[in-house]
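Following this line, the structures themselves.
Shared chain: subunit A. Partners: subunit B in the first complex, subunit C in the second.
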Partner chain A sequence: MLESVVFWVLAVLAVASGVAVFRVDSMARATYALAVSFVAVGLALLLVDLHYIGVITVLMMVMEMAVMAVYMVMFMGMNPALMPMSMVHDNRAAIAAAVTTFVVLAGGALLVPWPSRREPDPGTVAGTAQALGEAIMGSKMLVMLTVSPAMVATIVAGVVLAGARGRYDRLGDDLDRRPADDPQPGGVGR
Partner chain B sequence: MAESLFWALVAAFLLGCLAVAAASLDGALGARGRGAGNLAGGWSAPLAETARLMRQRRRTLVAADVLLWRTGGAALLVAALLKVAVVPVDGWALADLAVGLVWFNAMDVTVWAAVWLTGWGANSAHALIGGYRFLAQGLAYELPLMFALTAPAVAAGSLRLAEVEAAQRGGAWFVLWMPVAFAVYCLGVVAFSVWGPLSVAAGVDLAGGVLAELSGVDRLLVLAGRYALLATGAAFAVPMFLGGADGPLLPGWAWFALKTLLLLAVLVALKRRLPVLRPDRFVEVGWLVLLPAVLLQVLVVSVVAVWRY
Partner chain C sequence: MTLEAVLVVAAALFSVGLYGAISQQVVVMVMMGLELMLNGVILAAAGFWWFLSPDPTGQVLLLVVIAAMTLEMAMGFAVATLLHRSRGSDMTDMATDLSR
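Right, the complex of A and B next:
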């Protein structure tokens, strides 16, 4: 009983604040409406005993939204970032994309022939979670292990390429200028 | 149900007492620093300030985003209250979550949002810069703090705080063999409480930063929230690093209270011992010094944990 009340409160909150993202007229409000939506989803995950995933969703999403608000205001360089502005554009295409996505996902959830539980009941939630983890990741661990270093290398390379100032700008052509020529001195004194 | 509600109120009351104690100590230290002969005025400063703020009229600002402003201001205290829920006293916690440690971490991240919203909502340049400063500082302290929190979890093999506490009972307290993690954790507590050396977001050079436009009960909430966060940080360190309720002679809860008060007093006193760190300087320290140091600490702890089991 209590669980269903909590679920419905969180579900309505998640959808309502998701709608609010597009109805409010301020960057900050839109960002934090999205954060509230994510937090409600994260807390709803606690109801199905996904404690770690639920709490980590709250953690990640609040942090991401806090940083995203800064970027949104920063890149919307002109005044509107600080003024009331509409949070939607290209309405028709956006509505079409949203409806299509919803139909595909909801249809998938309803129409896919989900397997019923074959094994004798694993008994605990932990057993189910472990079985699910094995099924999803078990045979693909090698791929994941190979992909992650490649992804890290890509991120590092991307940051290096995007950086306006490299080590030759800081340390001179022979990399021997000390202290480094930085527009913004750091705290370690390199 | 009714019983847990009762204990929730007790926990909130105790947190309030700790926050008032911290504020009183800060008032007394401030009075001593000013050379006041009688420290009574310093000790009672938080009561006088509360009475003053309760009577003060709320400031109204042009085009302030009142909803976000008030939400941010109240969220600090709410985050502190949600944090104490998972802190075990002698093995018993209000909400003994299996992922209590992650819960604490999630709540200290909400402080990012709260401080920035407090800065943003006022529609004032000083407050806004204060909010941005806090996020810049957050990028420096949060990752080292997260890794510092993992060290006791790895050693205890659990994210449940009661089990972390139990792992230290009768043995070596975690602070003894993970001092780096403890130091970084304390720095993190100081940072998410916008306190002392990491209080640039509310710096005097910014006319108070995020506090600049706050008045009346709004200001009271934010100031109380900061002290409450400092107090929860101290209380959380006890089961994590300081052996929890472990100690001779006295009952468990007394040891818990004693350790919490001692650490809280040290954290409060830090304000007058260390200079304020600029976020642009501190970011480099965070990433080039604190993060590698705490990663090495976690490595050492992991090796010990593997070797032990």
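Right, the complex of A and C next:
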């Protein structure tokens, strides 16, 4: 009973703060609202014994929202806590798409005859960080072997995209400028 | 707490995120919409895990979704930086070159 009450409180908090992300007057408040939504979902994960996943969801998303708030300040060139903003396009079409999606998904969730909950096998350590660690380092290692290069590729792509000077800046449009036009020349023969 | 309840809440989060991803003009706000959608996916996956298949290996799917979320954020921030640097704006309407 208590579990259900806590779940519904967290559920309402998650959805309400999710809606607030696109309703509040400033980007800073939107960022905080999104952080609250993630914290609520992270706490809901703790209710279903996903201790490790729940904790990293809370920690990671709070940090991510802090970074996002910095980006808001950097790019908007204003005090995001004081400047009201509403920048949307195709609002009606977006609302229609969101409502349709919700009706379809919620209808499916309510109409499908889900089986009753299957209890975990006795003796397993389901839901613990130890179990997840053993899965990652054992039978599910291939998954993490796939995720790891994707993360490395993201680091490289992020640096390339966000870098202030690329190879065309250094070597010209035809990549034939020698020596390269660098603010601080280096290498042999400088 | 039932699986249906968890899935309905997850559907609500996903739908709100979808609204944001479609309607917002600022790249970072679009990213927020995508994050909310993945938030719903995480909750739904946790519900499926808890109610239908509560064995340890099922948690790996959640870890993959969270990893995908971080990759999306990292690339989104990089693209927002590039857009701002090259065009002085971080609006999606300023980056519609491929639609022409």
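Rule of thumb we're sticking to: the second predicted complex is superposed on the first by the 96 of 190 C-alpha atoms of A that agree within 3 Å, B and C clash if a C-alpha of one lies under 4 Å from a C-alpha of the other, contacts with A are read in each partner's own complex, and residues count from 1 in each chain.
The rule is simple: a contact is a pair of C-beta atoms (placed from the backbone, for glycine too) under 8 Å apart; a residue touches a chain by one contact, two chains touch by 3 or more.
Quick caveat: nothing in here was measured; it's all calculated off a predicted structure.
Of the two partner chains placed by superposition, only subunit C is touched by A:Ala98; subunit B is not. Residue contacts after overlaying the shared chain place A:Ala35 against subunit B, while subunit C stays out of touching range.
In the superposed pair of complexes, A:Ser4 makes contact with subunit C only, with no contact to subunit B. After overlaying the two complexes on the shared chain, residue contacts for A:Val67 are found with subunit B and with subunit C alike.
By the touch criterion defined above, A:Ser26 reaches subunit B but does not reach subunit C. When the two complexes are overlaid, the chain among subunit B and subunit C that reaches more residues of subunit A is C. Of the two partner chains placed around the shared chain by superposition, subunit B and subunit C are both touched by A:Ile56.
Looking at the shared chain after the overlay, A:Gly186 reaches subunit B, while subunit C stays out of its contact range. When both complexes are aligned on chain A by C-alpha atoms, subunit A residues 52, 56, 67 touch subunit B in the first and subunit C in the second. The touching residues of subunit C, when paired with subunit A in their complex, are 1, 3-20, 22-26, 28-29, 31-33, 35-36, 39, 42-43, 46-47, 49-57, 59-60, 62-64, 66-67, 70-71, 73-75, 77-82, 84-85, 90-91, 93.
Subunit A meets subunit C in the complex at residues 3-4, 7-8, 11, 14-15, 18-19, 21-22, 27, 30-31, 34, 37-38, 41, 44-45, 47-50, 52-53, 56-57, 60-61, 64, 67-68, 71-72, 74-76, 87-91, 93-95, 97-99, 101-102, 105-106, 109-110, 114-115, 117-121, 124-128, 131-132, 134-136, 139-140, 143-144, 147, 150-151, 154-155, 157-159, 161-162, 164.
In the complex of the two chains, the subunit A residues touching subunit B come out as 26, 28-29, 32, 35, 51-52, 55-56, 58-59, 62-63, 65-67, 69-70, 184-188, 190. Residues 65, 67-68, 71, 97-99, 102-103, 105-106, 109-110, 112-113, 116-117, 120, 132, 135, 138, 142, 159, 277-278, 280-285, 288-289 of subunit B are the ones that touch subunit A when the two sit in their complex.
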